[in-house]
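So that we are looking at the same thing, I have put the structure below in structure tokens.
Per-chain numbering from 1; labels A, B, C, D, E, F and G assigned in written order.
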């Protein structure tokens, strides 16, 4: 289904939604948000794009298969979970950089963990939806 | 002063929403319902968001409300447009009072073209 | 003793898998091991004679009171000598009998396995250890009966034998464990000391019936006897060894072994004597109706086992002496008869006695073996059988009061049939005219005819000099069973008395019966007419009925309809919950703990409920999806109202995505199935609403419980100070309970992979697994 | 005291799976990774097991938060034993999969999901937090869904729908129970719950909650009348998958039942009686089903159900001896049931079918493999002195101690029918001559020696484990005894977790 | 308010179960989703609901100064929601695949007779 | 033009930073002040678009709000009273807007006004099909849009 | 009359009534598009409710939820439109 209006709108909605998703991701530790919602919003951005332009075109923007985001995200999350072991701490213990960074605030393994969650969620949602839409239409 | 302003704006907003809901219930056909609801809804919500901005009197909240309104304005018409278009394509009935339909002729034309092509 | 047993196991473990690398023509050398063991065991005779009871103890599973306790008393010695002695001859015989057979190596392996298990069984002093070996004999028997595994009848017989003895085995196990539990020990020696307590226990009848059931199945007592004739499908050495001389006697052995523990009660005597009496008579009559040599022998074996059971049940020292003697006698002549039968079968290719005659002309030594054994079985004086028959009659005649006559008469009847049966098996094939087709027969390899002849000669030897057997073997064995010292003197001649008269009468009448009884197809038919009433047919009907019931039950329960499964599960939970609710007393509501409701909440909940109802009732799939989204969004608003912004966000996005997903998937689905059956719908509605109500009440009860907030307070207090976050929910998710989150994204990932494979993976036809 | 090595059996499978996702569609790499991962996992869990056996309960406070505030992982003897058995099964199955699984399935993520499943199992055994256990259960469920449907044959999907619906129902019961439990105690840590549950004012609430857990775990453990998903689905996936299912999936439910009803809530009489009734009926149901099935895997499925009854009966009897018996049986059962399905797969490789009527002649054709299989079959039937025999002594004893004759009767019947159907199967599959029109055989004989080994070696591994269990029954009995002690007296567990 | 919520939860469970007892696969799915929602609400309810006080620590504070909603049930529900999303999406796709094979929405069509086994 | 906008925003932030109070009124004041300064500074530049368009934009927003409220009132009145006064119809409206962004803005605005709804865009992106609630006369309506929203919009955009 | 009371007794009831009315349309249909539009309006009113609730409870945090609503609610509508269109074409 082609709609010029939707196509045009998705062109600026995509960056807005992506920006918004990063915003949600980064602020999760302080305000409502976090990796899940962030990831969901990001994937919705791409889903919207695929509605407007077709999944093939969205895949081109993504460049990599969304499936590959899953190991990436899992890896980041797992590593940030596992990193404390190298410092002799139990798995999952929070490690923090002492000084807060501007905008982001305190940076620690929790943030990387959330980033992993974010990537996995994007990978998962897009894999599911795009696989369906590419193989049934 | 602010309180009165807020009271007025919020009343407008709430009433607009009420209008929208009455509209969706009372309007005789789908297009008319859609026509009323999306805008009245957006207006009402916008007003209430404005109230929130006044109420909290905080840049972060104001930017938030502005962006919400912005998003609403951005997205609601698109949804409305798409569903209207679909409804038309799926031949959802128009009210009997609908007296002009420029789209009908266009669609018929494309349909016959498509049929020609098939043949 | 351990080594004695282990050697056999070792040999079998090596032979079964690796035997085929051991190329040999005749397996006669296999007899070396049993022979050595026999000789070694002979060395125990003087030891036992001195009244010593050698004992060995090795720890195995002390926690379960299963230890390798072995005891060599008279009974064990008797049986172990039989096992190894007859075993030697059987192996020798089999070496030729199985010549050229494929898998003969495996055959020896199983035979060794059997021999070792049997030795273990008779040497054990631990009831559970006995059971272990008991089961191993069943298993090895299974493999041996089914050795000709391409023959359906053979397989069926093996299965029947295993089923019957296996079932008995489980009864036995149960009885053994119960006995061990009551006494607090599994050692037979200790159990004997505690015998009085065991017999006095309330559970004694149960123990008795379980143990006896086990013994009866193994020893083919009526009504469990029917597997034994079928077991004759096994190669003849097996029939001779397992199903006449040794394994079937395991049950008898067990009864003998446990008679000091469980015996000497009316229940014990009645059970054993009834079963034994019925068995011996029933089987003896049956043996006359058979035409198949092995069939005759099988039924006469059953009958003999009945005699043994009967005698053990009788339980007097005389009866036990008779039993022990008869065990040896029977082992000797029955093994011999089986082996001669095997030779006949091997040479002529048939076992049907109606077609066999005059074979003495070609198989003379075999004839000698046959006639000697048959006469021994008939109780001809100067043969060992005579001695035992004397003892048996003596025992029955000395039974208490009015029973003596009754017991003696059934015993005479039985014996009379057995005489005839023995003659049919041991004499008939050899007498008369030789059919021309058998005139070219040759005597088989000496390894085949020497063993039966040797066994028969043994019978002659002990018949002439019974005191040798009596002093060295029978007496210690009897003494192992009786608490008091019993003097046993086996004599050829007791003088003229009732017993002698009975013996002679039996022999004469039996001989007469032999000449009168012409087994033929007509008699077989006659016997078959009663087949419907036989335990075999009965068990067949039970099996069939059981299978039908199983089939019916399984199909009712697991009927393929998901909704019926769910219904069963829900009803199950409902009944339990309702039960617990009713038991929990009245539910009260503490209104102080409840919060007020604003109009927007009430409206929200009402809409939610209506949306749920719409989801349930709508006949349009799309409407259901829309209604479902309303439910989701409504819940989302609840989350907002009750201070859960993160939840609201997530619920909302996920709900929206679910709609997208549904829409992606739905559009080429078939129409919504609407099968309306008012009755079923009402039933389901009642079940569902009942569950909902129960759940609501449960939730209400839970709400009354004061809230414990230590954990959530900890999170809230330290979210910022220790975990450096202010959104406590997020801090919980990525830190306090980060593990949940880590693996929930794994769940998501797997789901995505699953969807990917579900849609894209198409197996090639060649890919089966 | 917090010890990272508790979690290593979980982590190693997680990283293996992630690595395999990185090497998506590289089947050779995946196979190597899988076997390496399983070997390391085995070594780690063996290490954990010995540590726990010698030194007692170990705990790890995830993220360094004191229990009951953080998620705690606890390795007591029960969990470390199960983790060890899981590793053995996993190792065997992954070696078998290297040849036994179609390449297409590998291309679509068979191995990573397999490792996720094993990870989930280990996690479920090790966690000391009830909600975290829910998460592990979900990992297990979704991984098993995917493995069950992987390949998308009709039978697979049919089984999967039922499997899915009933398992989700089970999760719902579980989660409802957690909600109620949190509602009345405010905690999720099992040790903490153990202390707080007795303090609940309205004890009838506790009984109600236990029903939810009973139903939820009961479905997963496949007990009567909640077992339906099992015979609906176990005969459908590839045998390697069925092996891990048959060996471990229901066992996780059993584990949860044991853990929950010994540590968290001590069941009231009603629940015990119900458990006992369920046990008896489970045994009978399994036995009845097994008698009429002609397909090897359907037969095995019902045997699984039957033997679950044995174990549940041990729980229902609720005595130290009964626990020991049940745990011993559980240990034996994991090894044997995994192997049974591998054997089914092997037979399938040899003859291309699992229908007993169309099978035959294996004894003549593959004597050594047949004898190997015979050992397993005898272990299954509990022929002494193989592994299945010993626990029965304990179970019978325990049943006699409580005068539970229904249980004894069903144990006898169940054991007997197991023996019978297995012997019948032996007769039909191995003894009987191959039928005239054999189904097109998979070309086992054409496989390379390496591939043949990879199909037979796992059966050997598991068979020798069974032999080990049978012949070292004393060792296992001691382990089972220690575990049953842990169950009867939970103070060491609580002390190890909460430090008080 | 709690009473209303309890009522709603009961309805959600009842509706979920009722739908799962139907023959249609789509209804089965909807039932599962309703049950999931009911379960989440139950967790929420039993964590003691608090109005208008999200568990977010104020800008300049280090801990809560006011009452706040219990964050634990929220975290649990979040996990549960995400998990059920994973399961649901897989189930939805499974439903589609099943349809492609058997061409019906009818669960009763999912009983291949035993002879057609693998 | 963009440079000026950015500059203006920057100035308002500086103002906020200087005063140290982060309330929106302060920001708005900073913005106005910045606008004034920029306007003063740029009086001699050739590109004056920013300074005409900024007020026009604000004017447009108010115009839009006014229209929206009026239209809403009209609909509301119609709804509350039992009788319907509307005469719906679908009209083809030939646009002057050409670029995607212009079309989008126009259609959004038309959509947001009660009584009008974009049904479709022609393939050549030259005309809109608008569903109109109170369609007394087609040409009047087209003229109304052309001289109202579209003209004002294009003034700002171009 | 304070603003709080005004919200409680005027604004909230109006909004609630609106949701209820809209929901009636959703129940009635008749077409699926009507339901979709009703759903869309319900979400919009939801945003309004959240806004008012945020004002009432003095928690700007809730506005974040409204923001997400505003941004992605229309995706559902688009999906339905997409679906109906696809179905029509078939």
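In this text, a residue touches a chain if its C-beta (ideal position, glycine included) is under 8 Å from a C-beta of that chain, and two chains touch if they have at least 3 such contacts.
None of the values given here were measured: they were computed from a predicted structure.
K.L.:
What chain sits nearest the middle when you go by CA atom centres?
P.N.:
Taking the mean of C-alpha atoms per chain, the most central one is D.
K.L.:
With respect to inter-chain C-beta contacts, which pair, B-F or E-G, contains the greater number?
P.N.:
Result of the comparison of B-F and E-G: B-F.
K.L.:
For subunit C versus subunit E, what separation do you get between their C-alpha means, in angstrom?
P.N.:
Here the centre of subunit E sits 49 Å away from the centre of subunit C.
K.L.:
Centroid from C-alpha atoms only, then distance subunit A to subunit G, rounded to Å. What do you get?
P.N.:
27
K.L.:
So how far apart, in whole Å, are subunit C and subunit F when each is placed at the average of its C-alpha atoms?
P.N.:
The mean C-alpha positions of subunit C and subunit F differ by 91 Å.
K.L.:
For subunit F versus subunit G, what separation do you get between their C-alpha means, in angstrom?
P.N.:
25
K.L.:
Got the subunit D residues that touch at least 2 other chains?
P.N.:
14, 21, 62-63, 131, 135, 138, 142, 145-146, 149, 152-153, 161-162, 165, 169, 176, 180, 183-184, 188, 348
K.L.:
Using the touch definition from the top, which residues of subunit F touch two or more other chains?
P.N.:
Each of 107, 118 in subunit F touches at least two other chains.
K.L.:
For subunit E, write out the residues touching at least two other chains, lowest number first.
P.N.:
Within subunit E, the residues that touch at least two other chains are 16, 20, 28, 42, 45-47, 51-54, 56, 72, 76, 78-79, 82-83, 86-87, 89-90, 93-97, 107, 110-111, 118.
K.L.:
So, with touch as defined above, which chain pairs make the list?
P.N.:
Touching chain pairs, listed by label, come out as A-B, A-C, A-D, A-E, A-F, A-G, B-F, B-G, C-D, C-E, C-G, D-E, E-G.
K.L.:
Please output the residues of subunit C touching subunit A within their complex, sorted ascending.
P.N.:
Result: residues 645-646, 649-650, 653-654, 656-657, 660-661, 664-665, 668, 723-727, 729-731, 733-735, 738-739, 741-742, 745-746, 748-749, 751-753, 755-756, 759-760 of subunit C touch subunit A.
K.L.:
For subunit C, which residues are in contact with subunit D within the complex?
P.N.:
16-17, 20, 59-64, 66, 103, 106, 128, 131-132, 135-136, 139, 142, 146, 149-150, 152, 155, 158-159, 162-163, 166-167, 170-171, 173-174, 177-178, 180-181, 546-547, 549-551, 553-554, 557-558, 560, 562, 565-566, 568-569, 572-573, 576-577, 579-581, 583-585, 695, 698-699, 701-712, 714-715, 735-740, 743-744, 746-747, 749-751, 753-754, 756-758, 760-764, 767-769
K.L.:
Of all residues in subunit C, which touch subunit G in the complex?
P.N.:
598-600, 602-604, 606-607, 610-611, 614, 620, 622-623, 626-627, 629-630, 633, 636-637, 640-641, 645, 648-649, 652-653, 656, 659-660, 663-664, 666-668
K.L.:
For subunit A, which residues are in contact with subunit E within the complex?
P.N.:
For subunit A paired with subunit E, touching residues are 30-32, 36, 124, 128, 132, 136.
K.L.:
Which of the residues in subunit G come into contact with subunit A in the complex?
P.N.:
For subunit G paired with subunit A, touching residues are 61, 64-65, 67-68, 71-72, 75, 78-79, 81-82, 85-86.
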